Amino acid sequence: MRQHSPLQPLTQIPAHLQTIADYEKEAELHLSHMVWQYLQGGSMDEHSVRGNLSQFEQIQLLPRMLKDLTQGHTQIEILGQRFPHPIFVAPIGHQQQFHPDAEAATALAAEVLGSNMILSTFTNTDMRELKQGNPFKWFQLYWQGEREKSLSLVKMAEAHGFKAIVVTVDSPHSGIRDRERHAFFELPKYEPQPHHFIQQPQSKQNEHPLFQGLMKIAPTWADILWLSQNTSLPIILKGIVNPHDAELALQHGVKGIIVSNHGGRVLDGCISPITALELIKNVVPTDFPVLYDGGIRRGSDVFKAIALGASAVLVGRPCIYGLATAGALGVAHVLKILKEEFEITMALMGTATVDEINKDYIFQKS
Amino acid sequence: MRQHSPLQPLTQIPAHLQTIADYEKEAELHLSHMVWQYLQGGSMDEHSVRGNLSQFEQIQLLPRMLKDLTQGHTQIEILGQRFPHPIFVAPIGHQQQFHPDAEAATALAAEVLGSNMILSTFTNTDMRELKQGNPFKWFQLYWQGEREKSLSLVKMAEAHGFKAIVVTVDSPHSGIRDRERHAFFELPKYEPQPHHFIQQPQSKQNEHPLFQGLMKIAPTWADILWLSQNTSLPIILKGIVNPHDAELALQHGVKGIIVSNHGGRVLDGCISPITALELIKNVVPTDFPVLYDGGIRRGSDVFKAIALGASAVLVGRPCIYGLATAGALGVAHVLKILKEEFEITMALMGTATVDEINKDYIFQKS
Amino acid sequence: MRQHSPLQPLTQIPAHLQTIADYEKEAELHLSHMVWQYLQGGSMDEHSVRGNLSQFEQIQLLPRMLKDLTQGHTQIEILGQRFPHPIFVAPIGHQQQFHPDAEAATALAAEVLGSNMILSTFTNTDMRELKQGNPFKWFQLYWQGEREKSLSLVKMAEAHGFKAIVVTVDSPHSGIRDRERHAFFELPKYEPQPHHFIQQPQSKQNEHPLFQGLMKIAPTWADILWLSQNTSLPIILKGIVNPHDAELALQHGVKGIIVSNHGGRVLDGCISPITALELIKNVVPTDFPVLYDGGIRRGSDVFKAIALGASAVLVGRPCIYGLATAGALGVAHVLKILKEEFEITMALMGTATVDEINKDYIFQKS
Amino acid sequence: MRQHSPLQPLTQIPAHLQTIADYEKEAELHLSHMVWQYLQGGSMDEHSVRGNLSQFEQIQLLPRMLKDLTQGHTQIEILGQRFPHPIFVAPIGHQQQFHPDAEAATALAAEVLGSNMILSTFTNTDMRELKQGNPFKWFQLYWQGEREKSLSLVKMAEAHGFKAIVVTVDSPHSGIRDRERHAFFELPKYEPQPHHFIQQPQSKQNEHPLFQGLMKIAPTWADILWLSQNTSLPIILKGIVNPHDAELALQHGVKGIIVSNHGGRVLDGCISPITALELIKNVVPTDFPVLYDGGIRRGSDVFKAIALGASAVLVGRPCIYGLATAGALGVAHVLKILKEEFEITMALMGTATVDEINKDYIFQKS
């Protein structure tokens, strides 16, 4: 365990920070041991945390040469909205632990880089304070235990210019986090927590605290359908990995899904999300948006996920590495690194546009 | 080799013990080097000891989201007997080396946690001293060299409330245990050894000491049939890994089997028990109880074994880690950890009952 | 990072230098840290650099015994030209950083050993200074941004006895080279750089510096066709890994290809070139020359590449290990080691001639 | 590199020597660095040396329980000759470097343990000095450059009670042995070398020293046929790994083959011999003897090779570990360890005789 106090955030970017891995090393110096364990850790033995990273190695790139790429660009369209590039900022809560500017800094960097920002329910920056003119922001919803409380957050998001609601469905329980428990991690008590209304349910005597307790406040498919019918915003589910659930999503008013294993933080040993992406793309209509979340550390990872069918990708921990290192400046640099790596990968692959990228450009050993 | 004396068992559970891995590290401190080698070691190069642990990594979980789990529970039924949950205590002999309270402590913890206790023939606690009212106890039989001696133990088990006889069939020879031999391990001479009647056979001159010696006191299928016809208790065979033997079991009056490679202690390089489980489930009737033993260290391992067809699972070394650390208190905590991890895994997988768990919830790369 | 100054090049070969791996260790002692990173490094995480080496382990040799090999030899024929053996010197630029004699030393060694020398556009030794009588030399062309500039280099090569033009097509961008960037690598400013005319394009305001900048000076298939129509020399493309591109090459006047991932220096995660070789051989005519480049460190690697269909192989970094160690003498020894290892492998495999080597002599687990 | 002088051979066996791995560690203490490199090393990067050991891990055992094994034994029959067990001593030359008693010690141990001894052409103990009454000895022949010289050795073997001629065919060149070269290994000049008549051929000027030199003294299929027609002893070829060669062997008077990659000492990257065994068993008649050589370190390895079709197995380096440690006593103990491990494996697998062992008892992941 590191003994020294965390370094202060930087105010300019030193020359040695050139990759996400560089930022990962740097960020550790700027965070307490406890917060670092929270950030890096995952569920149980962290097979999924590691698997999210290593899975990309199994996918090889199969480039084309000598194509004319002078009309190249990285723009994409999802649900009628046009984005400058497919690298989105994943919803991560409680960002004040990483940097005093919290989500405000992340949002600012995302806007500058043209990255769609997905704001967490557990944001320390009130959603009402995010710039309304920025068209690239979605709101992530954790179910608030009951329909009306959940809807009130959705209505607030509608009112403040968010363009979609991302409902996280993979964590009715937050998972068994050994690293956090071993570090005796506690969330800091920042006040106020703007959007977090959930109260732990009390299970009655003789009732099971999990099944008859926590599960009572978890959402169901019926709740999702109800929500989709009560908002003008498209509902996107985050945390779907089973093709059957992708099919159910289509039947319950859902407009898109984000394949994710929650960064390996909830269910250790969950199917590799890149494999889940492939399984799910086999069962949903071609134009149904399927986004990808998990383990993106390189522009080539972005390319691979898109080649397997992703409409866009979410980037989580790397943004926090940037945030912890240098606030908005750091997040912006992290996003810039990924964007440039993705562009260079596109050029080397012989793909002028994101739409051109498909399975013909990858090779997987069977 | 550690030089210090073993620590005394603890009398309360410190906060850092949160997983089976934590208990494994702690237990080593409370045991002599020689006993630790006995506990941890296996046969020859211990490929099977390690394989029992690593095999679970090959199986990924494929969860369902947004299901209603408020009626969830972990109960199961085997041979008409209902159990609170499917995590059983494996038969392990000679427990006095690990803690002075020996099997009495393990049995007490099992009862409190609702775990079915399988008492070893080589128990240091007389079976007659285990609480008779506890419905969750089975007796494990090592063949006593001849039919009548074996039956006398079975009759004693019948008389004292045991609900099934588990005959261990995979170790006519105890295996080549390099670690034990290198530590010059000897079983302590606790007196009396309540149920251990076997005497080593003397092979005559010119006879082979193994084939014409030890093999003469090993049981055969005819012995199993005879035993099943002479007891009112169901006979369950422990140590079956070959599908052909599973079929023979059905033909010889056997009511269930436990797939096991004896914790890697007997035949190094034996088929991975999780693979054997799959092979066997393909050939036996769906309602024929097939239990699983080997390498369970997490609640998610329990889930995976059940998804592959296990009716319940046996947990061995983890209980001893608890016993060595803190006697009955430690065993109880170990069982509680596994039970809670299993429940959380069920909740995250979207499975309300054990019966719902099946192969649709796992993904194995072909 | 090594602190001492680089050793001077050797003037004779010490006895401990017996393999390419020996030369690799030795070469590091004779180069500055910065130049060593440039030589050894590759793109991003260097999966491809490592993969180029490890891929050969997956291919096992299946030898024949007791054949008459007394008429054995290693000669091959490509595009009507006969070569003493199939081990060619890969084009590597800027060799003055490795040894003051630069490409002149490498070319001399290649000539003595009968290795076909492929001279890089970025040579520090003017192509006009290479011995004209040596029939074993090809010229490697980096596209010079426009057709006439490119053709002028080709015409110079025609005039000075080069027998083929190798156009490198896999690096419209030079790749993301973390190691070089972390070492703050800069090419030394040797003057004059004889054949390097390319000027970085200026992208206009609001234009994308990559797609509307660098890509404007990259060659296309039309350029290749034009070039093939304006030179008497055969055009060979280096850097093809996609079977579709191999088919296009045939349609655009190309006479051969070199399967290569540029030593892992450009596109990290690119398909393993040995796999690409197999895919490509499935689609091109049997007599279309397909050469192999990447990771050759042993004579047995040469054999494996040929068994999978290569007409000849290129060797890059090993030659530089020899050059850095002992100039022309070192390169010659490196080539001699590879040639003798290849001959002994042929003898042990029961193959008298290179033409006999085919897939029947290898075994790959499916 | 170890600095101390080698220890003297032991005269009794200490208690800690219980496995082949124990003997391997001990042997190193009793040999000079140079001889140890010779013994342990192999060809080039030693992938095959390591692969010979690791390949057994891929094969899992699938035992049967509750069978009557009281009539069990380990006897086998090959070419009409009955052997007490299937563990043979591989031909290894130059044994005087390992222990002053050389092959005489090895032969004595083999006789005591009932192991068939295959005496190398390069023996330091004259074949005429081995006990004639021992029925379990074969003679290994390295081709002597020409037919008559080779036949004279065969005739000597006939005259001195050897029961078969094992012709090693996989090493027309002795291989590229990096470790030996790096240790500047030289064979000691023991005099006289009883059976080693080969003289290096002189290639004429302009002739290739390998193809027109060494290959001229290598045997061909015609030589094998001729030899088989000129001796009353059965000819067995050692070093066959290609199924086509196994078929040719049948057509050239050969009575059996030994699948081997020469302990990884000749052709690095050669097909794993256990895979070769499977391929070859698919093409030869069931009763054609196919022996196995390579990487046997455990009784369970013997079982696995037999399950895949081997009639018997050869053990090389382990015998030398015993010889270097304690002369005949050490070799005898090594053979006893393997024999007992094999017997216990048979018992645990439920196989009473070697003939019963087959593919049904193993499991290989496809």
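The first chain written gets the first letter, and so on, giving A, B, C and D; residue counts start at 1 in each chain.
Methods note: a residue touches a chain if its C-beta (ideal position, glycine included) is under 8 Å from a C-beta of that chain, and two chains touch if they have at least 3 such contacts.
As the structure is a computational prediction, the values presented were derived from the model and not from experiment.
> Touching both subunit C and subunit D, which chains are there?
Touching subunit C and subunit D alike: no chains returned.
> Measuring between mean CA coordinates, which chain is farthest from subunit C?
Max centre-to-centre separation from subunit C belongs to B.
> With touch defined as above, tell me whether subunit A and subunit B contact each other through largely the same residue numbers, more than half shared, or through different ones.
different
> In whole angstrom, what separates the CA-based centres of subunit B and subunit C?
Taking the mean C-alpha position of each chain, the two centres sit 59 Å apart.
> Between subunit B and subunit D, what distance separates the C-alpha centroids? Give it in angstrom.
About 42 Å, centre to centre.
> By the touch rule stated above, which residues of subunit A touch at least two different other chains?
none
> What are all the touching pairs of chains?
The list of touching pairs comes to A-B, A-C, B-D, C-D.
> In the complex of these two chains, what residues of subunit A are touching subunit B?
Residues 44-45, 47, 169-173, 175-176, 178, 181-182, 184, 208, 210-212, 214-216, 218-221, 223-224, 237, 239-242, 244-245, 248, 266-272, 275-276 of subunit A touch subunit B in their complex.
> Hey, which residues of subunit D end up touching subunit B in the complex?
For this pair, the touching residues of subunit D are 15-16, 18-19, 21, 56-57, 59-73, 298-300, 304, 341, 343-345, 347-349, 352, 363, 365.
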